[in-house]
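Each of the two complexes below includes subunit A, the first together with subunit B, the second together with subunit C.
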Partner chain A sequence: MTATAVRGIGMPVKRKEDPRFIRGKGTYVDDIKLPGMLFMDIVRSPHAHARIKRIDVSKALAMPGVIDVITGEELAKANLAWMPTLMGDRQMVLPTDRVVYYAQEVAAVIATDRYTAADAVLAVEVEYEPLPPVLNPFEALKPDAPLVRPDREQKSNHIWHWEAGDKEKTDRAFQEAEVVVAQDLYIPRIHVASIETCGCVANYDPATDKLTIWMTSQAPHAHRTVFSLVTGIPEHKIRIISPDIGGGFGGKVPVYPGYVIATYATLKHKKPIKWIEDRSENLQADSFARDYHIHAELAATRDGKIRGLRVHVVADHGAFDAAANPSRFPAGLFSVCTGSYDMEAAHIQVDGVYTTKPPGGVAYRCSFRVTEAVHTIERMVDLLAHELGMDPAEIRFKNFIQPHQFPYKSPTGWEYDSGNYPAALQKALDMIGYQELRREQAERRARGELMGIGISTFTEIVGAGPSHTFDILGIKMFDSAEIRVHPTGAVIVRIGVQTQGQGHETTFAQIVAEELGIPVEYITVEHGDTDTAPYGLGTYASRSTPTAGAATAVAARKIREKARLIAAHLLEVSPDDLEWKDYAFRVKGAPDRYKTMQEIAFAAYTNFPFGLEPGLEAECYYDPPNLTFPFGAYVCVVDIDRGTGQVKIREFLAVDDCGTIINPMIVEGQIHGGLTMGMAPALFEEIVYDENGTMLTGTFMDYLLPTAVETPHWKTAKTVTPSPHHPLGAKGVGESPTIGAPPAIVNAVVDALSHLGVRHIDIPITPAKVYRILQEKGVAE
Partner chain B sequence: METLPIQVTVNGRTYTAEVEPRLLLVHFLRDVLNLTGTHIGCDTTSCGACTVLWNGRPVKSCTVFAVQVDGGEILTVEGLERDGQLHPVQEGFWEEHGLQCGFCTPGMMMTAVALLNENPDPTEEEIRKAISGNLCRCTGYVNIVKAIQYAARKMREGATVHVGGA
Partner chain C sequence: MIPGPFRYRRVRSVDEAVALLSQLGTDAKILSGGQSLIPMMKFRLAEPTYLLDINAIPGLDFIEERDGMLHLGALVRESTLERSSLVRQRYPILHDTAEVIADPLVRNLATVGGNLAHGDPANDHPATMLALRAQVVARGPNGERIIPIDDFFVDTFVTALQPDELLTEIRIPAPPPRSGGAYLKFERKVGDYAIAAAAVFLALDEAGRITQAGIGLTNLAYKPLRALDAERALLGQQPSEELFRHAAELAAQATDPVSDLRGPADYKRAVARTMTLRALRRALERAQANA
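Moving on, here comes the complex of A and B:
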């Protein structure tokens, strides 16, 4: 068998999932249709904060086709008015007495079709007594601020305080520092806005006493466990199916009230219930990302050696702490914010705060707050370079963790597995022609033109996680794979993670192809159905390849070990006399005597050695020994229009290192998409509220996703530094570019304006924001 | 509610139906004809996931009433493949990794078909402008552009002759 025939690791295999998608034959949740299915639609609050005085459902109930209107009062009787969040907080499913954010779910209408349900939503009368909204987290922390969550014992809007690093050592570094730079950075609320919104079809079948929920879920097993705990239904009577998912990016990790209400409704009416959000509901009420108010300080020597980092964050979590971080990490992995730089000390503090906004703190393709971390350090390093008059590339080379320092213990306690940061940056600078660009910039500047070059050299942290440190609601963050080799050598693989476009059906097949020497077209990958797939924690935080990818490799190797015994039996030699080479077990010294996996598979069912269990299958629950640390060096070149303030990305080069690459075509596609989702909040996207707490960006007319016109033609390149602890050396890549791109873009814009005295601009860097700066500096045209 | 009769040809097959005047074309295709390849991604005519060809022109079917297309011809993603042969645009999206989650893909492909019927040799800029009414959250558009360029090449070479609009 040749590598070309097997098409295993490193091959740009065309995706196995695509034939159904390009024919319009994917099956997304809204494509599920069941006999007798009813439709649910949701009444939402027009106030950010209000007391509910009265809900009158009589007019709605009287409409033809309306079956039911469900309120919080009814759910309370079933003990379902509240549900736990993945962060150990609790969240209203439907309110009984008050609402705490604009567009919050207030009641649910069940009707025979979606049009009637939408009509009936308008007929539900709700009388509110408005209360003062709490929109700014700093105001929320004042003692006289209105209480967002009177249901809690603690009578303040402060949720938690979290620290990492060494305060004393950091304070000492700052006292001794020759230079300190400080900056406030605000990373605004944004929304993942996958093109498919969220929804479900919940179906309780009384005949089998089984509840099946097709759900837009990035973590079907974890959701099944949560549903079982919340409803009291035994877990084997719940089946969650995550069918084709139209993008996730973190927004499909939380459990939303709509899923729970639809489930309650199917249990009540014993009919399938479909609930599909519209785009406005999705943007207005689903979980948000970011909303971090950061104060950062960097201490250094006069010649540019960084000594310490001090960061304090006020994190706006909205009305419920419904983030989806590992339990012990309320601020996610933000403490990786020392980045790619070697320093003595760091001290990080984060305070979580409630406001009357939708629950926040989920990912936006960002590995648990790593975007915020990278934005902080990459901006601070540039600020230090400006302060010292150093080139931003030079200051990075001076402070990089060096290749010989790995495994590197960071001042906040992480052990970076591997890296070669200088090589990645050098490659990026050489490829883009950095020195030439600097010369061009000087010439243009002399002519009054605004051109900037921005660098970002980030370190990611993905693959949660080692179970000793990482869990969600107590469930350890391992992941799993199950492989069955059929008699003819065809294979089915089932995995505990769930694709939302990442191409698992192809990538995971390639892993098995490589490990077993079976051509990729004979391998099927299944996932997303809790009745068939092994238990896993799902796909987010770039964890699929680091965790389930490792599980798949280990399970395949277990199969190979059993196959060795069968091959020895067939070849009448001792197992020790065999070696696995060129995709077959070959007799050492006589490589022409061999058995392929296909031959061995047939023997596993027809001619296996005495005493050996028949069949050829294995499973693995993989508990990673550490996280993986992908990294990259990005260079962005921008031109700014002095007449409009518009930032144009002229060129963007991303050099990524995600360790071993399984499918280079898919990895490049992930990088293109990630860069675009990095550019989006840097230049366009922001969730905005007015003074009443009404969201002003609740449609795609106001919340601007980049189109093909604004998106540049991304250029990519790679270095390969395998992870020493992952069975394949792979690290994960989906979120690296979303994390690395924003500071490269901001650094480029600030660089373009630095000679005018500009040191920092908060994202999104809109034309209006830039034009105001140009006016202030007297250079607007 | 009052209904009106319509007759419409979808992917070459003629259907008659009684529909509410307010029924959107996208719901007619998805819920009445069970052609679920056309997706819904927003409610402001912004995302383009629901793009179909109406008498050969790309329209966002979330913003067209079913009664408006009475007597007309609709082409959806399900009608692109002919006699077991993929349309060059479908082939291009597969070859060039022009899709990830697949949700925007049908609408994106329909816009591409309309573009290539009108302009067989578009520049990258023309392609980007043509698909700017179709949002993709996964791919960053680079490979979508390549996919459409692939299809344009293929169609110019005359390997397959396809005419949009059923």
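Moving on, here comes the complex of A and C:
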């Protein structure tokens, strides 16, 4: 094995997991088939808000093949009709008296096959007395609004009020400001729409008294703890296996009623129970993201220096506060909304509100509400530029936090670890030919054509998080890695995070390869099984590399320190006489005398120094000292069709800085996917309800996932500003593009129409919406 | 998304299909490509007792030009139509249409016959067939009959086909010299039904005047629509941008769309005008290139 075969950090190693995926040999939850397995299907509410007068299961139970029909009344006897949410609220598993959103779970059928279960769902008779739906959070806050949650002590639809920043200082900045711009922005409900829907196979084995649940989970350890707390089953008697996961994006962090009902059913019937959502159930009833009604104000001097930001958000959380934010952050990390800009003061207020919709607020590839934060500030900065007649690039340069200001304490209390915003924007402008594009735009405008250029210079905040601030249900948000080097120098790495397509099996192997000098193909990465993997909080919010990636590096370094002692023993020198260089321990001054990790590993089991423990393994539970702050500068160029209102992205350049890059190919893939997922809500996706609260976008015919045809050719580039506190300098990248892309696109569309007096358009910017504006401005064809 | 129970029969000949249709009546549905029917069954919007699968009937997938007509067998797949060099060269409007139907996976199975027989005003072929003055050939217990396309679409999801009839063939008049057609569709994303789409077929005389005009519109009324006023306005005229704008306006006025997630009705009407105008321009280019 030569050093060049290590393929550690910085190498575009092809993904180790892909051979099984591209051969169709992945094992997803629905691939789990157990002898005697029964199938569960769910009766769902046709009303957004109704009292349940009667549930008659007799006809369903009489059908051949139907084993059971489980209702809320039965679950209540087991004290399982309600479950706690990760946000300290509680949520119905199955209702006993009322439903509070369309497609809510009402009863569950257990049958010997999937088809019978589906037929039996239609045979369950439920009599409802419809109640008025509560769909608008502003209406919901009015004193006479119908109560969504009469089960709570507090008799209003208001859930919580949350603030960040300094109100007095901000008010003062606004009083003194020469210019104030204000804007209402709505960021609509969207859905993660992962290609694999949610589901589980729950199997209670009476012989071993053990409950095993294969589950679409982004956080199997946390889910096991929750299951143990809810059911009272000791944690060691529960095993949660998260096998291959077909996309999570935050949607597989919450615990859904279906998991709990299937678990109840296997405990009751002592048979494996499979529950797999269909596409419409997934779109209609699983947790949603965004749904933020934002009012933002920006104060500035007349020459364009930002002084303060004031934001008030009304957050529609649906019927249960079932988001999965860190406990102290009901509005996630939204308070990072001062963005990449240095300002004196900011004051942020968020009010969470109940409505008769499915639980909202899940962190959809957004690092806990950072999408909403970045959308707000990037739009506001453009609004200020328009107000002052400044170029949107110029106003950004004028207000950027400068490289020498890091670590930078933001007005809402975050300590940005590192960054170089002017360099990223300058690179983007140079690469795309910004001045030339502005000239072209002027020429086209003169001809009546509509072309726009949009910029977004965002700051991310990822890697939750330091234990002093971050926990979920009290569990601190550290993460973990265990590494064992086998005698032949092959390695197994077990991590506390859980991949859903991010490529952990490759990236984490490369970290170990780099630290130990062992070729990447000799390193296996395992995760997702609570019986074998170390405890961790899971993968979301771009936290895997910042937390478990750091844990992996630290654990590998512990191994290396032990390996030094063995190498010294083998080379008969003092450990201090050795240096780690070119993937081997070498005698200082005599680099040809060395031991590779393979040689050392063999000795760790066969020829270790007296007094040293045999074996070669280590673990690390990593408590990050701070979050990391990836950033980027995106430029988008659009053309608008005056005959249809269609926005066409002609060009899109993403300059990202995620610190040290472990696998550039995977990072580029993450950015391509993330940009597409950022374009989706900007131009296509929205969850829509009618006036009764019925969801109108419950299939992919109407919930518009863009395809390759709608997706432009993404151009990507990078700058590298390593994190000063992460052992590898890495920062995380999975969500940067989803966060940075939408405002770049919106800013481009508004820019295309700015000469007509357009200042803002809410997403999604559909052709119909644009065409109406063109008609109003008299430029429709 | 689990269909209800149904019985399935794979038929081997048109006669067998017709005999079974006569026997089973409205309890039976014909399964050809299944790209509309199967999703409807999964949503339980359709719950046929019997599915008669015609995919194994031999000889129903012909594409041939003879006797001044293009003959398309009922089982011609959209992807076959899309790849046919005959279609591409002689009937580019059909190529335009096939390549914007749904997505490649759907087109591998979906059939032209099914696209018409489903009677869905959102389907793409009806507008094209209206513009081309096609004929539909149906076989029933009393033999074959030819249904002019103008008589074929009766209502939403209702065609002139009787419950005991099987659509076997579509016939399209071969294009005269100096003729050309185009189909333009505007959709929210690929695979969607049209917000609005227009099929235009034009033929010119030697002096360049319009001697034949066909305009069909997709998803703009309760059934596939032919823009008769717009066609009349074009006949005998020299093509011009002004004339085309006038015709496109008349076509838009003929529409009666509903407001839905694709946009409000007035928007769809505006897009219908844009699509008609652009299809007219492209059809004219092709007609002039065909001189």
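FYI, the second predicted complex is superposed on the first by the 778 of 781 C-alpha atoms of A that agree within 3 Å, B and C clash if a C-alpha of one lies under 4 Å from a C-alpha of the other, contacts with A are read in each partner's own complex, and residues count from 1 in each chain.
Basically, a residue touches a chain if its C-beta (ideal position, glycine included) is under 8 Å from a C-beta of that chain, and two chains touch if they have at least 3 such contacts.
Keep in mind that this is a model prediction, so the values were computed, not measured.
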item: Contacts of A:Arg279 with subunit B and subunit C, given as first, second, both or neither; value: both
item: First, second, both or neither for A:Gln646, with subunit B first and subunit C second; value: second
item: Contacts of A:Met701 with subunit B and subunit C, given as first, second, both or neither; value: both
item: Partner chain in contact with A:Gly501 - subunit B first, subunit C second, else both or neither; value: first
item: Touching partner for A:Thr766 - first (subunit B), second (subunit C), both, neither; value: second
item: Which of subunit B and subunit C A:Asp31 touches, first, second, both or neither; value: first
item: First, second, both or neither for A:Val709, with subunit B first and subunit C second; value: both
item: First, second, both or neither for A:Glu196, with subunit B first and subunit C second; value: first
item: First (subunit B), second (subunit C), both or neither touched by A:Ala118; value: second
item: Superposed model, subunit A: greater residue contact from subunit B or subunit C; value: B
item: Common ground on subunit A, meaning residues reached by subunit C in one complex and by subunit B in the other; value: 114-115, 278-280, 701, 705, 707, 709
item: Subunit C residues within the subunit A interface of the complex; value: 1-2, 4-5, 44, 103, 186, 188-193, 195, 261-264, 267, 270-271, 274, 277-278
item: Touching residues on subunit A, where the partner in the complex is subunit B; value: 14-15, 17-28, 30-31, 33, 114-115, 192-197, 244-249, 278-280, 500-503, 665-666, 668-670, 672-677, 699-701, 705, 707-709, 711, 713-714
item: Residue ranges of subunit A in contact with subunit C within the complex; value: 41, 114-115, 117-119, 122, 278-280, 643-646, 684, 688, 696-697, 701-702, 704-707, 709-710, 766-768, 771-772, 775, 780-781
item: List of subunit B residues in touch with subunit A within their complex; value: 20, 22-23, 27, 30, 34-44, 46-47, 49, 76-78, 80-81, 86, 90, 93-95, 97, 99-106, 109, 124, 127-129, 131-145
